[in-house]
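Here's the structure, in structure tokens; my notes come after.
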Amino acid sequence: MSDEFDPKIVLFACNWCTYAALDLAGTSRMKYPPNFRVIKVMCSGRVDPQFIIEAFMQGADGVLVAGCHLGDCHYLEGNYKAMRRMALLKRMLNDLGIERERVRLQWISASEAGKFVEVAKEMVEQIRTLGPLTRRVEVST
Amino acid sequence: MTDKPKIAMYWCASCGGCEEATVDIAERILDLTSLVDIVFWPVALDFKEEDVENLPDGSVTASLINGGVRLTEHDHMIKLLRKKSKIVVAYGACSAWGGVPGLANLYRKEELISLVYHETPSVVNPTRVVPERRSIVDGAELELPDVFPYLVPIDQAIDVDYYVPGCPPTADVTWKAIETLLSGRLPPKGSIIGASEKSLCDECPLNQTKPEKILIQDLKRPHQVIPDPEKCLLTQSLLCLGPATRGGCTALCIRARMPCTGCFGPLDPVSDYGAKAASFIASIIDFDDEKSVEEVIDKLPDPIGTFYRYTLATSRLAGRLTEGKR
Amino acid sequence: MKDIVITPTTRLEGHGKIVVCLDDNGDCNKAYLQIPELRGFEKFAEGRHAEDMPQITSRICGVCPMAHHMASTKALDDLYRIEPTNVAKKIRELVYSIFMLEDHAIHVYVLGGPDFIVGPTAPKAERNILGVVAKVGKETALRVISMRKTLRKTNEMLAGRTINPVIGLPGGVSRPISSSEVEELKRIGNEAVEFALFTLKVFKDIVLSKKEYVDAIASEAYTHRTYYMGLVDEHNRVNFYDGKIRVITPKGNEFAKFEAHDYLDQLAEHVEPWTYVKFPYLKQVGWRGFTDGEDNGIMSVAPLARLNVADGMATPLAQESYEEMFKVLGGRPVHHTLANHWARVIEIVYAAERLRELANDPEIADPRIRNLPSEVPRVGIGVVEAPRGTLIHHYETDNRGVIRKANLLVATQHNAARIALSVDKAARNYVKQGRVDQGMLNMVEMALRAYDPCHACATHTYPGSMPFTIYVYRDGRLIETLRREFR
């Protein structure tokens, strides 16, 4: 069964660093798994935890938030905010039974296309092993 | 029947606090009864379900429903009231977001039954009896109602027009909501009525002491510290959810020197209060390295009970029926 | 065999359903009170911060949130092995007395009282607060509304909120009383005592002066000979806030006196398949089914039980009334369920006097309201007397103070078995030859109402509530529906 399961992963990519890395991976003809639904944001700090939760509620099996390295944020502080929020959110999601491997925060600079490919492959395999994320089955009322 | 607008009130899985809150409008209840006809209110009046069924559809001006949906009976009754009403109002935290009993969604129904009837230290149950939907006792057939596997706010069962926040809503908020409903100038559908459009900080007595930029380097739980009563509690590292919570309650808890726990729920346009409140608290942690941030977060072993205390039932991530790893 | 199903039971908190079973002559041979509520507090307490429990458990019940808040706070004192400051204890007992007074008053005037103030066989349309108003006059009714409002506003000031108070913390309370508030409290104390004596007078004039009511109170149909349980202070007098748990036998001898900590040696819970409520009973005696008597561990709590168990009341006017009641009803213990109404009025007097005492205590505005805990938490057990009986909160935590296990033995539960007996007995007495009418049904419900039961509390385990309806079945076919959705 798990061989047939293809994880759906939402990727929030910051415009200045990670999205550029994705472009670079593409133009360099790097192969990476097609499981990612990419949402471009101007900064990883823009990613409201509500987005992540909504992604899970709508059918994502995993969420990757990626942005500039700490200290390199185009808006100076945005990625620090992302780092703090993700630390707490991961804790909360874990308490709701959502495994830590499903939510990931990664710093990927504009030149790190290779890094992105590595992370992508790793995350897809981890989640494939975990299986699809179950959501509350609506009881017909 | 007179030409006065008709009002109905009903309770689902309720602790009774919202009913008490309604009665707390005290003398104003006499003003209310001169303005409206209360056609259904199980707590206080004698009208029956048949009386509601016999009303023409849409003839009830407003139905105020409190409590979350847990039994098939609740679902049945609120669907009936929806048919008969122009406006349905989710009154109180439980009907709006599931409330405190929504925390039961963290566990499966089987776990609840197992703890209560087999595992508590005082229970003596060697034959492993549990309450049954149908049981035969001495020839009599006895029935208990069907319980859903988890609790939901009423807007997941019926269409809801307005929400009145609070656990329970205060008397003033209740009165303002009633005035709004009877005013003839209804706000957009889906609005939260009776309370403030601003966060709690706006009406907090300690607001003047709140710096423009709050930053914290620690998180203290209320039993660990005696706060200075003249300073913003967040600046003293107490976890006050005031900035993320809708105002309207006059900051009662803060006046008693306890931090806000978020019972008035989210401001517009937040849909997931727990996530938003957690986001706020996390973003003011004044450390730039992950390790120090984690150390602060470790001071709060129960983030779900803290941020989602009144709103967990709105999240479909809790209450998953399949075997999820914990 | 025909079953009569009575639902709603009216003028009570929470929901319930009574099933009355008839034999072939149409006489009742058995009745059951089913509680269809269940919520899960004991389970979802797991994982919560212990210090959040006073505010979480107060949501078990919107009528008596203060009772849970206080039992929970005391469990936290025990959990952290920290003694509250003297003034914190006084503040807690003060807000608690205000709450008991206000809660009991509602039962007397709105819930159970109408049975007597208007009359048990009066038409149902009159047997409610409106009938009470007609009987005692609008001025009196406004006085009751006003007193309730004053008391509730006072507790909003002192405890943060009326519904769902916030001040309870291990080692004390969060908010001191300011010296400017003390004058107001003294005034309210006086007003409360006047109001309590007024209520006693109303009760005497309207109820005790009528032979038919006194006969109804003393009638066998509403009498059960069970054990009784309640909190007593060091002089064996009633105390709502603190003390030891005392149990007496049906004959009135002391059977046990124990600290809340030892409750598991004394109390156990029994499960039946036809109701969600569990039935606590005395472990040392044992469970022998639904019968009275010294051989069966069924006990009773709440006003009558508390007065039975105690040797007296701690305040003078209440003590006078206490002596009077036992004189009229033939000595301690009194087994007549309906005497709960009288005992409740006496407790109103005590609560008011105690409130006045504490308001006048010179220490009450002392600012030293908290001792900070320093011990590592493990197990905490707290007890109070809720309006409806003994309430125990028991928490086990990890060393961070996160709840691992919780057990709640809630007031109305302790009465659950006796309530079942009462409903059964009253139904057998009054349902004859299949005659089912409003008057008869009310006689059955009166048995229930005297306990002032709180089923939201009793079934703290899963949410649910159901309007009550009366279904009359013959041979499995629904032949009649009677309804009373009245609280």
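When the chains are written out, they are named A, B and C in that same order, and each has its own residue count from 1.
We take it that contacts are C-beta pairs under 8 Å (C-beta built on N, C-alpha and C of every residue); 3 or more make two chains touch, one makes a residue touch a chain.
Predicted model only: the values in this text are computed from it and were never measured.
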Category of the chain touch graph - line, ring, star, complete, other: line
Most distant chain from chain A, judged by the mean position of its C-alpha atoms: C
Euclidean distance of C-alpha centroids - chain A vs chain B, Å: 32
Cα-centroid distance, chain B relative to chain C, in whole angstrom: 25
Centroid spacing, where centroids are CA-atom means, of chain A and chain C in whole angstrom: 54
Residues within chain A bordering two or more other chains: 95
Contacts with two or more other chains, residues of chain B listed in rising order: 106, 302, 304
Chain C, residues touching no fewer than two other chains: 47
List of chain A residues in touch with chain B within their complex: 48-50, 52-54, 56-57, 70, 80-81, 83-85, 87-89, 91-93, 95-99, 134-139, 141
In the complex, chain C residues that touch chain B: 1, 3, 8, 13-14, 19, 21, 30, 32, 34, 36-44, 46-49, 51-52, 55-56, 59-63, 65, 76, 80, 124-125, 128-129, 145, 149, 152, 156, 159-167, 169-171, 174-175, 263-264, 267-276, 278, 280, 283, 287, 370, 372-373, 394, 400-402, 405, 407, 409, 456, 461-467, 469, 476, 483-487
Touch list for chain B against partner chain C, complex: 11-21, 24, 26-27, 42-50, 67-68, 70-71, 73-74, 77, 99-101, 103-104, 106-107, 109, 111-112, 115-117, 120-125, 129-132, 135, 137-142, 144-145, 147, 151, 167-168, 221-226, 252-253, 255-258, 261, 263, 301-302, 304-306, 309
Complex contacts: residues of chain B adjacent to chain A: 69, 75, 105-106, 148-150, 152, 156-157, 270-272, 274-276, 278-279, 281-283, 285, 287-288, 290, 293-294, 297, 302-304, 307-308, 315-322, 324-326
